[in-house]
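In structure tokens below, several structures.
You will see two complexes here that share subunit A, one where it goes with subunit B and one where it goes with subunit C.
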Partner chain A sequence: MKRRRYIAWIFLAPSLIMYLYFFVYPTIEAIILSFYKASGFTQNPEFVGFKNFSKLISDDSFLAALKNTLLLLVIGGIGIFLIAFIFSLLLGSGIKGKKVYRTIIFFPFIIAPVVHSIYWGLLVYNPRKGMLNQFFKLLHIEALAKFTFTEPKYVLWSVIFIVIWVSVGFYLILLMAGIERIPPYLYEAARIEGATELRMFFNITLPLVKEVLVIAIIFWGINAVKMFDLLYAFGGILPPRALWTNAIYLYIMGFGKRDPIFQLGYASAIGVVTLLLVIVISFIIRKLIRREIYEY
Partner chain B sequence: MKKILLWLLVLTMCISMVASFSLVGCKEKAAPAEEEAVEAAEEEVAPTEEAAVGEPKTIVYWSLWNEQEPFATVVNKWIEDYKKVKPEITIEVVYVGREVMTKIMTARSGGETIDLVDTESYVLKGSLIKEGISLVMDEALDAPDYKGDNPWRDSFLAGTLEQYAADDGKVSVISYNLITNGFMYDKKLWRDNGWTVPETWDELLALCETIKTTSDISPITQDAGVDLYNDMWNYQIMEKLVGPGAILAAAGDETGMSWEDPAFKEAIEMERVLWDKGYIVEGAAGFTWPAGQLLLTTGEAAMELCGSWLPNELKTQVSDDFEWGTFPFPEIAGGVGKITDMESYLIGWAAFNDTKVGPEIVDFLKFCTTPENQQMLVDESWNMSTILGTNIPPAIQGLGEALLDSETLFSPHDGLPEAYPDYYKNVYLKNHHIAFIGDITPDEYIEVMKKETIEYWENQ
Partner chain C sequence: MKIKKFSFRKFASHTILIIWSITVAMLVVWMVIASFKTNKTVFSQLWALPEKLSLVNFSNAWSNLDFGRYTFNSIFVVIISVALIIIISAPASYALTRMKMKFAQPITFFYLAGMGIPVQLLFIPLFKIMAPLNLINSLPGLIVVYVTLSIPFTVFLLTGFFLSIPSELEDAAYMDGCNEFQTFFKIMVPMATPGIVTAAIFNFIGLWNEYMLALIFITGKENKTLSLGLYSLYSSLQYTSDWVSIFAGSVLVIIPTMIIFIVLSEKLISGITMGAIK
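And then the complex of A and B:
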């Protein structure tokens, strides 16, 4: 037993060392740095205690970024899982060409986020010549044909739509992996008893896919909070302010974006708050969705 | 055998663990030594003596240009030519791209040696100069230029060296690329339609009305999704109304009361006229860059207010018969600014004060700033040089002439990015953007600027 434990430690050691060095150590460094005023160019940061954190509370840009992060997390999450469930039920209903549909739905996920930004920003949402406005023009829906989907008031919603479109495929694959494990006889028995599709979904599918769902939701939560590339690239030269999330705001304050802001200490404070946010979100999700093990 | 293998594995793991932690330790221990070096070098100035002949030296130079850009082609040519003159000096150039300072910050924290950098001069002022880690160039500037004819300082267009000097007047940034701001248009399109260049704000509005009513072309295109592009209108109007420095002064006023100056409200009202009268292309508020500027190339819009980099940026997008024309921001009746009061947006070099190759850097920069070498840059980049004796690129003739006639040069965004970068980004650009596109009224803009300026200073 003792020998087996040694061997386990030996095999764990490389990843553990890497985890400690590349994640735990920088995290501790970032937490320490969040108590300093530092530009990153010199080695003499000034200790400011909790000032960076107190500044965050009254920083409108940070609060707006936090709000955007939470909207992306909640609205994006609802959209993704709702559509993924609908698709998974449709694909699981014995439809022909299931694999083809699954591939098509998954396809946007394999395209680089920057490509999505350029494609949607310049070709789809372009208020003058974009496909979306042209489509509504064809349908003679004037209000939508002239609608500016990317002006500051609406751009976040337009981008959340892209995020949903991009992400559905990935979460669909995860959910389908769980759904396909459910024995068909459970559905057959329910059908014999006269259960509707909706009832089967809530009473069989949802409870039995819960394990996978929890992992998928936590995974989405982490992805949403740290989402950067698609949003950052959306504005071309500069990410539109209405799309700033915690991750983007952290980057801008820490490293500027062609502006000499370079407030590394403050950016670290944003990072610490974001880390806490991820921990809290994971905790809430795990608490809300109790893990009950169903054996079948 | 198994036991030996097991112990070998354990040993390897231990060594790797110790090695990784000692790396961390080394970095921590190295910090004070680096600190001392920085302190010692703080007062360092660029030596004026000749670089030692024969001794091999290497200058590590990180640049904001990308390898594919015409600027990089020219820099490569300079380096190649310089190598022929000074074979003992190697210039190791790294084309990092626009966020060069971000990458330098990380690289230098990791102990990497970088001697020379070029980027926007306001970024150099807001980083290297602000932190006191730049090599002061005044002595070198007072020494003869590369050809040995005149003091090096005399090679530069008046005001361009001083524009980004430190608060004590010491010069560290050697600016070489001179960008300005104004209107860009297609001369042929204008000639065909009989439109003439406006010299006053009223003439500009009248021209916009003519274009709107007599053609299916939009008078003005605007990449209004980019807040700093929108601000070009505001700071240009403010410069023409009250002269340089008003926005900077208002940002620095901790009471926020400076924003009550009627000029600030008037500027927003003037900008809103362009939208309300339909002079700015429909849908511009939602344009994702470069959707707006592309309308200029297709002839769907008559003009764009932008930096003088635009002709070079769009040169492959325009048709063969497109003739670039440019003109400066017009004068405003009752305002103090002249039509020749021009923006000076500079890109320059700065060296770190802990460099071991100060004399070599100076010599290389003197070589790069000869009129002949700078002319190469002008020809390739279609932008002006700060070096006297270079020509104005034909594509920006109108702006170039105004710039050379200028008695007043002002910094982009009235100098806010280098003075108060976070205020510029999080207070000024944010609120101007929403006022510009009409999400708040001019009165609301003034109120929010007052309020957020006070809050900004309370948080410092």
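And then the complex of A and C:
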């Protein structure tokens, strides 16, 4: 039977229509709205050019949120990939129970972020009452028994730790999949030549896992920048200012916390900056890790 | 000497992995323990087991705090969303990878670019688009949002799977006189089942757990999903001090994803592996 190419459009149509109307169109609308001053959904927006963006540069809350977003992205990313690589080495060395460990490490990733916020906020980090303080009290380490993990100065680091702990498993799976594709004879040859484990990691594993690593890092970058659920729920009624990221600040400027704010144009400008951030990140990662494909 | 060194390394590896695993197990164990306690003992006897195994926190959460209703809302919204996501994304992924259509590459890129859009950017315009369609504070409205926003990632996963299917079977089907629809449903869908299952599980877990979009598009109490209900209860904690209900609610949120994970984790893990790495 002759294949009719136009049929492909029938297969594509339902998703394309929804995608265009409820995804692409609002994206363009948001970018346009970021050049307008609009307070509330009923008022007519007024064109202000780049005013929202120039206001952002001098908005201390926004700059703090941007800094938090970048810290989460960079520190969280370093933590996740460092630990994931260590685990992939531990699990790749022919250890017993590899699959069980991998499954357990992955497990937190499928638990609702709001549940993580509740568990860590109420049961683990809770000042004096929580497991961490109580645990150090049992060990008679007074300094840590009284340490407040959720005070503004440290809360971001405490939450970044949660994010690392939750995400490691997912990136571990990606990395392990990449590593397992590397043919074993490369390692055997290196071993015969007398290469150390560390050398083999840097000269064989890392270059050959590059392709997967690029996908994984970009994936992390996108997810870090738009992360909302875990951070927003942390602290219950409203997240402490020290935890505000772009995503949270946008939500607060748009919809408010207890009381609506509805600075729609301004909130959209925050979103546009965040979008630019995603584009820049993807670009930098691709530049940093040049995509030479090694044939093997 | 060599053997001894080797076994020390194994011992160290196991120690690290076991400590990490314990921290994971603690999450489930302590959530469950806390959900059986009373507000009086939950923190004062943090390390103790519950005094008695009473389901009162669960029945309180289920009926008095409306978690029963939220659960049904979640089941309704998530199952229909996942079904629709697959129904529209699988043919699209097939068309983009297998049907030799014009502009397949740029369109694929156009779909995947959606993964890079920070969702928060869409909140305000999406709210404006949905309001006149009466889709605000409605479960069908939430389904529309969930389905649309899941398209890019699902297409990303599924195009990977469709690309990996050898073309001989497809050619044979056409030669035997199947049309495009028969080829897709009879040959390609069964071959792509592992990918479709992965995409379905992934979307199920993601949507079951998500509350951000529900927080925006669900304004009434009666339409809350389970995760949103839990979030709302948690954010009103300072007025109620009812911790144990929150823990019981958390356990309710965890149960379905946990069951799916226990049954299907191998499928999910191998699916991520195959889908992300082409």
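Note that in this section the second predicted complex is superposed on the first by the 273 of 296 C-alpha atoms of A that agree within 3 Å, B and C clash if a C-alpha of one lies under 4 Å from a C-alpha of the other, contacts with A are read in each partner's own complex, and residues count from 1 in each chain.
In the analysis below, contacts are C-beta pairs under 8 Å (C-beta built on N, C-alpha and C of every residue); 3 or more make two chains touch, one makes a residue touch a chain.
As the structure is a computational prediction, the values presented were derived from the model and not from experiment.
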Query raised in the report: subunit B versus subunit C on the shared subunit A, clash or fit?
Result: clash
Query raised in the report: Looking at subunit A, does subunit B or subunit C touch a larger number of its residues?
Result: C
Query raised in the report: Is A:163 touching the first partner subunit B, the second partner subunit C, both, or neither of them?
Result: neither
Requested in this report: Check the residue A:73 against both partner chains and state whether it touches subunit B (first), subunit C (second), both, or neither.
Outcome: neither
Query raised in the report: Regarding the shared-chain residue A:151, is it in contact with subunit B (first), subunit C (second), both, or neither?
Result: first
Query raised in the report: Is A:125 in contact with subunit B, with subunit C, with both, or with neither (first, second, both, neither)?
Result: first
Requested in this report: Using the superposition on chain A described above, determine whether A:213 touches subunit B (first), subunit C (second), both, or neither.
Outcome: neither
Query raised in the report: Thinking of the overlay built on chain A, is A:279 touched by subunit B (first), by subunit C (second), by both, or by neither?
Result: second
Query raised in the report: Looking at the overlay, what does A:40 touch: subunit B (first), subunit C (second), both, or neither?
Result: first
**Report entry** Partner chain(s) touched by A:238 [first = subunit B, second = subunit C, both, neither]
**Finding:** both
Report task. State whether A:59 touches subunit B only (first), subunit C only (second), both chains, or neither. Result -> first
Query - subunit B and subunit C contact sites that coincide on subunit A, given as residue numbers - result: 7, 14, 21, 25, 41, 122, 126, 236-238, 255, 264
Report summary line: Given the complex, residues on subunit A that touch subunit C span 1, 3-5, 7-9, 11-12, 14-16, 18-19, 21-27, 29-30, 33, 41, 86-87, 90-91, 93, 95, 99, 101-108, 110-119, 122-123, 126, 129-131, 134, 165, 170, 173-174, 176-178, 181, 212, 215-216, 222, 225-226, 228-229, 232-233, 236-238, 246-247, 250-251, 254-255, 264, 267-268, 270-272, 274-275, 278-279, 282
Query - subunit A-touching residues of subunit C, taken from the complex the two chains share - result: 9-10, 13-14, 16-17, 20-21, 23-27, 30-31, 34, 43, 46-47, 87-89, 91-92, 94-96, 99-102, 104, 107, 111, 114-129, 131, 144-145, 147-149, 151-152, 155, 174-175, 177-181, 184, 205, 208-212, 216, 227, 230-231, 234-238, 243, 246-247, 250, 253-254, 257-258, 260-261, 265-266, 269, 272-273, 276-277
Query raised in the report: Contact residues on subunit A for subunit B in the complex?
Result: 6-7, 10, 13-14, 17, 21, 25, 39-44, 55, 58-61, 121-122, 125-128, 146, 148-155, 234-238, 240-241, 252-253, 255-264
Query raised in the report: Which part of subunit B faces subunit A closely enough to touch in the complex?
Result: 6, 9-10, 13, 16-17, 20, 24, 31-32, 34-35, 38, 98-99, 101-102, 105-106, 108-109, 120, 122-123, 125-128, 130-133, 223, 225-228, 281-291, 295, 417-418, 421-422, 424-426, 429-430, 433-434, 437, 439, 452, 455, 458-459
